[in-house]
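Both of the next two complexes hold subunit A, though its partner changes from subunit B to subunit C.
Our next item is the complex of A and B:
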């Protein structure tokens, strides 16, 4: 009896191995678990301020997986813990930022948390002021074109970041000059308390792209493979010299905006519940199990991550605080060693 | 000195609450007053100043905006030109950078450029200052930027009562007013008149009397200066503490009168010292009261660095109570 030709699994048709998907899942889970501990540290009074990525894991990991490490530039925003981890930051790096230690790789304790900046990894972030990162990303892409370098730029923001002028000016410039940049917009339905319908009159962030003459696509932010697929196509366009793309990733933030926020003021438990049913991490786990990855492997992974995070927190707490004598270093001149 | 229209009842309020009280008072009093900004409606604002206003006044008068600092300020200018009295909120003073053309080239100058045909009676409420771990892009003190621009008024209250009274006056003023609150004052308490309360712009307040030196200051450094004055008193030094309350217009007379009495001037502010507003006050005194001085005017202000995140570094870049005590002693000794 002849076997029916086996239909390719989704990941295979995207050019990913099952092990790739396992590793994507690992970073998603790590992102979630780091967030949980950050929130706890904040409540214990050990972390001044934190913002976590819960609900954004597929959006961040699926898209960042398309970035060639050390080749492409990445300009993330403050929610992108998952992006930073994909690009090589560790759990300890995150807690060094939380505790503002001298060894914090982003800034040496100078900048607020979640401003992922590692120039060696070609990642930098100036996104505390919403949308200011987009013109930087376009500038990095422009430089690639002028200097004939082969990097592309992947930049990130929330849907709230598509209101300010910086976003529109950046989109316009990138499209006019066909620059190799991909705008990934994590649409989690709110800018702090402001729902999407009070932010824009269009139905989708992706619809904005047409106004600038670039493609706008929508990815399902609860499905890491869909995010990967859509972002990959956009990156391929950029690499092929076909210019920029706007990728809207629809997702939901499970936690308050930051440790300073109380989300009960502006959104309902029912709405949250509905999105929790589509948890990107559960979905990815279900996919792996369906692909015959052993449940015990996923469970072991969770324990390894938990142990790594505990070790990271302890190690980070024990690292030195920035030396006051170095305070004004880097205001002008002196480069980081 | 506070001008009280009639002795009115007071209640202890937080600074944030007192600001909300002023907004409520003015929204009730004048239907032309409207407020807009990011997260100010259902959410009540990042510091809860506008909590409850949506419910009482509805969404036409209390409007949530998309993230669009430049647009928000520009819209306020347009609305003000029609006779509305917009009060807009920028969550952090650092965001003025995003709206600077509308502030400096539009709001400040339209009345002048239209030959007086139209005015811009708007208030830009925002908050600045360090001490809350908000780091370099959310902690600056930028009053000098706006104090420099002809056509703008600049207000920086230090107490809950002043916050209420000055905000009311700012809303009633026919010029654009930049009203800068301090993030670490929102949770400070004080007695505030519960009835109508208006503190005129351009009148400084002598918050403590003394004869040995004059400390001129504003915003959170007023609290630090008062603490410093108490410590100095223990050592036999009587410091007079003047809270200018409004940088523009500046109550020059109160400052000069005090310096003519104490013969010594210390200006204290959180903003970076270089080209800070303290230089304006020091040179005012040098120009107008040089012969009354027993020592050169002195400025104590922020270090020339962005505000760092690490808490111990953050504290070290702006004047603390002991720094003021030290500077005062140096001046008197």
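Our next item is the complex of A and C:
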């Protein structure tokens, strides 16, 4: 048998241009670098509380890349800085949340950090209560079906969020009504200090899907293209009217759960090291270099992002704090009064 | 599995008692003597009888809104049950709760529950108690197909699986949750596949044949008692009556009901089996039926002779003293 003259590169067979992959890489790197600065600001006493996405970049960016901006709805969770950036939020938006400024797009400085909420980006505000996002997402998908709208819904959660009953009710309802929703579960092996083997007696979150008559697939969360591929298939299924899918993305968080957590108390350095060997950002960079993207371009990109982040922090710090007199605004709809 | 004569007749007696109790309860309801509502367990007798036959008084059950059968199979006092339904001071909850609030902790019955799926976490908690106190007590949670789609089911089964707790989940699939048929509530054909999502065994059982419910219940209870963890039993069954007394039942056909009654009646199946295997004679059944009738009538008499619950004492028993 004759070999094809040139085998397609992985991204090409997924329908992505090399420039797409470069841009995915850019957002991944931006996510990581924003996280680093958030943690620093916390340790400097400038940010009360932060939670970062280190290690989740491929999981978040690869999956969010499948969301059609301005069309599909997204119901993310607090770790999804990468998702928010893909959907159009800026570095400054993140720091406005960190500093709880009046101009914070998520909540005007009222919510805890990373409670993404953005009408333009079609990101539905979440609750701090984990797993409540799933029934909300299913409701949005039901609306699409009833109103014959074109959108699908992509919702996110950690593996810990698959234990509350909300997950069960949402999964069942979505499957029974064949709703256009994709559940992306970022399985980073821990729910704060609880390792996944104490969270569930099955090997994979994806194993749960069969109980609802829904496909469950596993993506390698260290590989942005694999995450893209699996999520894309799920989104296509939803768009084709074939119902929901559970996509489990296996990854690892490199940082403590939040700025208030000491992860050395529940996990070993060796374990962390093993996962650092598989760093999703390094993997994406290696792919780009192998595809003949110049190393200098990636380096320039890092510097641009760094400069943008510094400017964003300064600008965010200079924005006004919320006026206490407006405290009760946004509790109810503005026109309700 | 061979079931000895005494056990076979006891299973029949329990099922007969449930059937007769429900007939009398409906009659009393029709006479306007019962407060609140009642949910009839008729058709599902083999489930409670077969599983609870393996339980000791220090084992626990949690029950549902359709709970009379679970109570009786856990050896409740019929007089106190009727008294509760009739709102009498001598009832299980001094007549304040009614049908959906019968609990009898002396027999390990942690209570009926008006919240669909509400009993599941309670049973898991009881099983955790058994494990923490290093006893071999077992908890059984009865709930419906509707209950299985509540979040409590998910949280309860997951915890039971990861902690390998001595609990048996008995899902009574009576084909409907109120008006909603199971095919509109599950996207899986075989509900027992739910168990795999938690890493526990799941078994589908013919819930109309008490030999089957007795066998499956026995295995699951023994597994729990040995410390090998939980099991999900999906009992295929049917409720003969409406969801509640007076339900117009526009969501199912008369033919469907007749089909189950004629071909899959748990009492008829048990009689056939016991007679075929010559474990007992028709005269034995006549004797048991007469005894059952008498026991139920004694219960009704006791209740009707009891004083009504007094509004004066209503605030009592709200808090533990």
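Following the convention adopted for this analysis, the second predicted complex is superposed on the first by the 327 of 337 C-alpha atoms of A that agree within 3 Å, B and C clash if a C-alpha of one lies under 4 Å from a C-alpha of the other, contacts with A are read in each partner's own complex, and residues count from 1 in each chain.
Keep this in mind: a residue touches a chain if its C-beta (ideal position, glycine included) is under 8 Å from a C-beta of that chain, and two chains touch if they have at least 3 such contacts.
Model, not experiment: these values are computed from the prediction.
Of the two partner chains placed by superposition, A:286 touches none, neither subunit B nor subunit C. By the document's definition of touching, of the two partners only subunit B reaches A:49; subunit C does not.
When both complexes are overlaid on chain A, the residue A:199 reaches subunit B and subunit C alike. Partner contacting the larger number of subunit A residues, of subunit B and subunit C: B. Of the two partner chains, neither subunit B nor subunit C is touched by A:274. Shared-chain residue A:71: touches no atom of subunit B or subunit C. Contacts of A:163 after superposition on the shared chain: both subunit B and subunit C are touched. After overlaying the two complexes on the shared chain, residue contacts for A:130 are found with subunit B alone; subunit C is out of touch. Within the superposed three-chain model, A:295 lies out of touch with both subunit B and subunit C [touch as defined at top].
Look at A:207: by the touch rule set out above, it reaches subunit C but stays clear of subunit B. Residues 163-165, 198-200 of subunit A lie in contact with subunit B in one complex and with subunit C in the other. Chain contact summary for the complex, subunit C toward subunit A: residues 149-155, 158, 161-162, 184-189, 193-200.
Chain contact summary for the complex, subunit B toward subunit A: residues 38-39, 41-44, 46, 64-71, 94-95, 97-98, 133-138, 303-306, 308-313, 316-317. Put simply, subunit A touches subunit B in their complex at residues 48-49, 100-101, 107, 109-113, 128-131, 160-161, 163-165, 191-194, 198-200, 260, 265-266, 321-322, 324, 327-328, 331.
Remark: subunit A residues 163-169, 172, 175-176, 178, 198-202, 207-214 touch subunit C in the complex.
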